[in-house]
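Each of the two complexes below includes chain A, the first together with chain B, the second together with chain C.
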Partner chain A sequence: MTSAALSLEQAPPLSVPLRFFLTAPLFGMAAAAMLLLAGPDVLLSRWSPATLALTHLFVLGVLTMVMCGALFQMLPVLVGAHVRRPRLWGGICHGLLAGGTAALAAAFLTTAPLAFRCALMLLGGGLALFVVVLGGGLLRAPRVHDSVRGMRWAAGGLAVTVGLGLALTLGHAWASLPILRVPLTDLHLSWGLLGWVALLITVVSWQVIPMFQMTPEYPRWLRRWMPAAIFALLAWFSLSAAVTWPGSSLPLAGLAAACAGYAVWTLVLLAQRRRTIGDVNLWFWRLGMAALIAAALFALAGRFGLPPAASRLALAPALLFLAGFALSVVNGMLYKIVPFLVWLHLQQRIGEHPAARGQVAPPNMRAVIREPRARAQWWLHAAGLTLLLAGLAAPVLLRPAAVVWFASFALLGYNLFTAARLYRSEAARIAACG
Partner chain B sequence: MITDFMTGEHRHCDQLFALAESAANDDHLDGARSAYAEFEAALLGHLDMEEQVLFPAFEARTGMNGGPTAVMRMEHEQMRAVLGQMQRALAGGSMDDFLGLAETLNVLIQQHNMKEEHMLYPMTDRALAGEAGAIIERMRAL
Partner chain C sequence: MNAPPRETTLDVRGLEPCEPLDRILQALDRLGSAARLRALVSREPLPLYPLLRQRGFAWQVVRNEPGCCELLIWRAGDAVAAAADGT
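Moving on, here comes the complex of A and B:
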């Protein structure tokens, strides 16, 4: 009973999630800068060093960075599981993840085995630590409901992804090791995108979309079976990558159908929402779902040789999934989480300083980050996505795309930074009341 | 089942909240004021049900006074503080402030409700298994 009591307590210190959130736009800007410098040569194939560096800066430095920070924050609320010593473990996890991501990008660019060994230790340590914290929290959940169950599958997907990634890095770090690079990379990619990113986002979405947008709930069967189904399809897909047999495109078709079906369902729910305010969070969700449907369609078409695997357009499903679906959702969530946390922690500060009560009222969420500035960032994000996709057909557009992405991440960083700065100044004002 | 009854209460408050927010968003000051009054009455009534009936019964049965119910009461106080600010914003006709506060209140309420629906209500159902019907009647009677 005591652990259940503890877990109802409010958030961990603001600095725990915020350090992850403030770091993510910096890695986004680094990825955009790399695209700008490398120009049209990058994205020529998924194997070029710059493409690999860029992808990992983005997936680890931006997406995983935000997801880790958000989970340190939300685990107590979502699953009722208390994270022990969040400041310590959050700080270590953040440091290792940031350092390891930078090391891995440097390793891809220089191909120096030493850099791969550094990346191996830092990322391996940071992500393993995160899997343990997340998994431990999920195992201690006082009540196992659909979200806990779904997040356990996602944590399993992350563990598989990290394991495959470490095996691949071992192959780079010690060239003598026999690592089957091509099939392992395919598996690493599909487990990372679907088993971790997509699973986590879907599980979180069936909690937050009905809450924030006041839509009907996702159906019970979907919440119950979708994570396990995706996991099973991925396992089947992995097997069919090892042994070719008739029907090997079935799991891929199944995964694409599951993703597209989920996205369509989400759009239908959003159309039925009771709140009539169209906030920026809603715009990000809609864009993300449209991109997920497009990604699934492109992936299916790719299976039938359209477009040819050698062309740049073969990258379209991955781009749509990462920059269109995952980044849109993550970016939109930041505009809910960060303003609320600033408000909540200021409210708690006022509770600790009785003299401030009645003197200072914490700024509401829309005063922490002004809606027009968040909306401007959405436009940059949407424009960057459009240019990037167009750039696959017309490479001359890739550099303009990079400039727009850089601006989008810079504005996101600025919006989050001003929120953090407002927290500091207001907290000082509260403390000054005595 | 206490969980089902109280979850229904939460959804009812959500509906009234959405109506008030929509009216404010459409700049209907009068409509917003009356819809808000209805929402506020429903929410405060719900908080009273918990603080005057459900929590004391749970605390008496389990002996847990400083535990989960204390955190829930503290969050209720935070909600009341925002309600007060919303009322002042409406009185002053300042719709931007009202909508920003409404957004804040919604997130606050939703994360609070989630903790209640997933954790606290199931705990009360287990602790107060025999008296659930009587407790619901007492809450209705408030």
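Moving on, here comes the complex of A and C:
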């Protein structure tokens, strides 16, 4: 087989993913600042305005921001699927997502219908555009393998999440509209966390764990069936929300088992890695998988009323999933993806300037972001997570947690900024060679 | 009858990113005419292809199975290297 399908003209410039990556820590710092200002009052319940604002700053501004940016670049790198006009669509998606996230947070805090309408237009437009661009890229993938199939399921999960979120926002923007807020919110949350965040992370992990941690591959049956199984369980769970029947706990139990099983399998693979030297990416993955197992156990216990739904501890599964699992993994992946992209794009620059060959060598991935600073950020991340979870039982710890989270996101942003700065200086050296 | 192309084999399986691609590109900088590089990598190196095309190389994937992808790479337009049986 001779491959001629790929060309550099189709590959997005580094600025496309980087603008998403560099924006994410800013939203993380904004979420931490909100937690600091609101203090123990936040996280009183999932319905408090500050909790909703904080959650969406984090899920949209940090997690979805990074995941969108990564997909613009990683689709061609990992699955050979190209996104058309990445600079244009990437720029528009980024602007709408950032503006819409800020508008939605403001809307939750002020409850102003106008702010909800702004958020509806910006976020609805940005995320719908992203689903179309992502779906188009996946449909044009030169070969349909497990990762492409899995990403298609994740794109479907995102589409359902966005649809439910827009319906809920419509209810805020026009109060006269009859919206079944509680069941729709439960479905929006479930599809967002599992159908989008968890699905995409698992699909990407099939590629990046063996590639960057030198582990054996995930088994074929898991790669083939897990996305469809999660999607089917979510659909079953959605139907259970509408119709109560004796087996309505089964889909939740199935989803918890799938997540915990995936996490255990990942930990086993990481234990078999051929790299003898550990790195901060490994630490983030291990922490993330431990948190995912804990979140699954807490979610199952919650089904049986432990802890009671009115208790602040009822938020533990969501916090473990978002801050413990999703953020750990996304944060850890940034420390691999960004250095790899810097190296790759510098190689492309050298290809454009043949005189630079032999004169300038792109830095090794390990030299792009200094490991001690990345490890320092992991410690801040782990401390922030510990304080946040402890804050559910002792709310006085929530403000210290906010300070540590702020520092963690600030250091993450600085680490990513140093990678971007290194890229610019090396690219200038290459260009100077003629 | 033309002489067969000179062939160099480079096994970069087991190296962590971005070492495999780095070593392949370095080896290609030294590749002469009527010669080709047989590279063994752990997985199909999709990010390498645009770099090869940009540098004027052609390639063929002769084996792609779990744990081993085997590529033949030569200078585009090099009839001697391209004509030989890839396997």
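As a working rule, the second predicted complex is superposed on the first by the 424 of 434 C-alpha atoms of A that agree within 3 Å, B and C clash if a C-alpha of one lies under 4 Å from a C-alpha of the other, contacts with A are read in each partner's own complex, and residues count from 1 in each chain.
Basically, a contact is a pair of C-beta atoms (placed from the backbone, for glycine too) under 8 Å apart; a residue touches a chain by one contact, two chains touch by 3 or more.
Bear in mind that the values here come from a model prediction, so they are computed numbers and not experimental data.
In the superposition on chain A, contact of A:F298 is made with neither chain B nor chain C. In the superposition on chain A, contact of A:F108 is made with neither chain B nor chain C. By the touch criterion stated above, A:R275 is placed in contact with chain B and with chain C alike. By the touch criterion defined above, A:E352 lies against chain C but remains apart from chain B after alignment on the C-alpha atoms of chain A.
Touch criterion not met for A:F20: it reaches neither chain B nor chain C.
In the superposition on the C-alpha atoms of chain A, the part of chain A touched by chain B in one complex and by chain C in the other spans residues 1-2, 4, 7-8, 77-80, 211-212, 214, 274-275, 336, 340, 343-344, 347, 351, 364-365. Chain B contributes residues 14-15, 17-18, 21-22, 25-26, 62, 64, 67-68, 71-72, 74-75, 78, 81, 85, 96-97, 99-101, 103-104, 106-108, 110-111, 113-115, 118-120, 122-123 to its touches with chain A in the complex. Within the complex formed with chain A, the chain C residues making contact are 14, 16-18, 21-22, 25, 29, 42-43, 46-47, 49-51, 53-55, 58-61, 64, 66-67. On chain A, the positions that touch chain B within their shared complex are 1-2, 4-5, 7-10, 77-80, 142-143, 145, 207, 211-212, 214, 274-277, 279, 336, 339-340, 343-344, 347, 351, 361, 364-367. Contacts from chain A toward chain C in the complex involve residues 1-4, 6-8, 11, 76-80, 210-212, 214, 217, 274-275, 336, 340, 343-344, 347-348, 351-352, 357-358, 362, 364-365.
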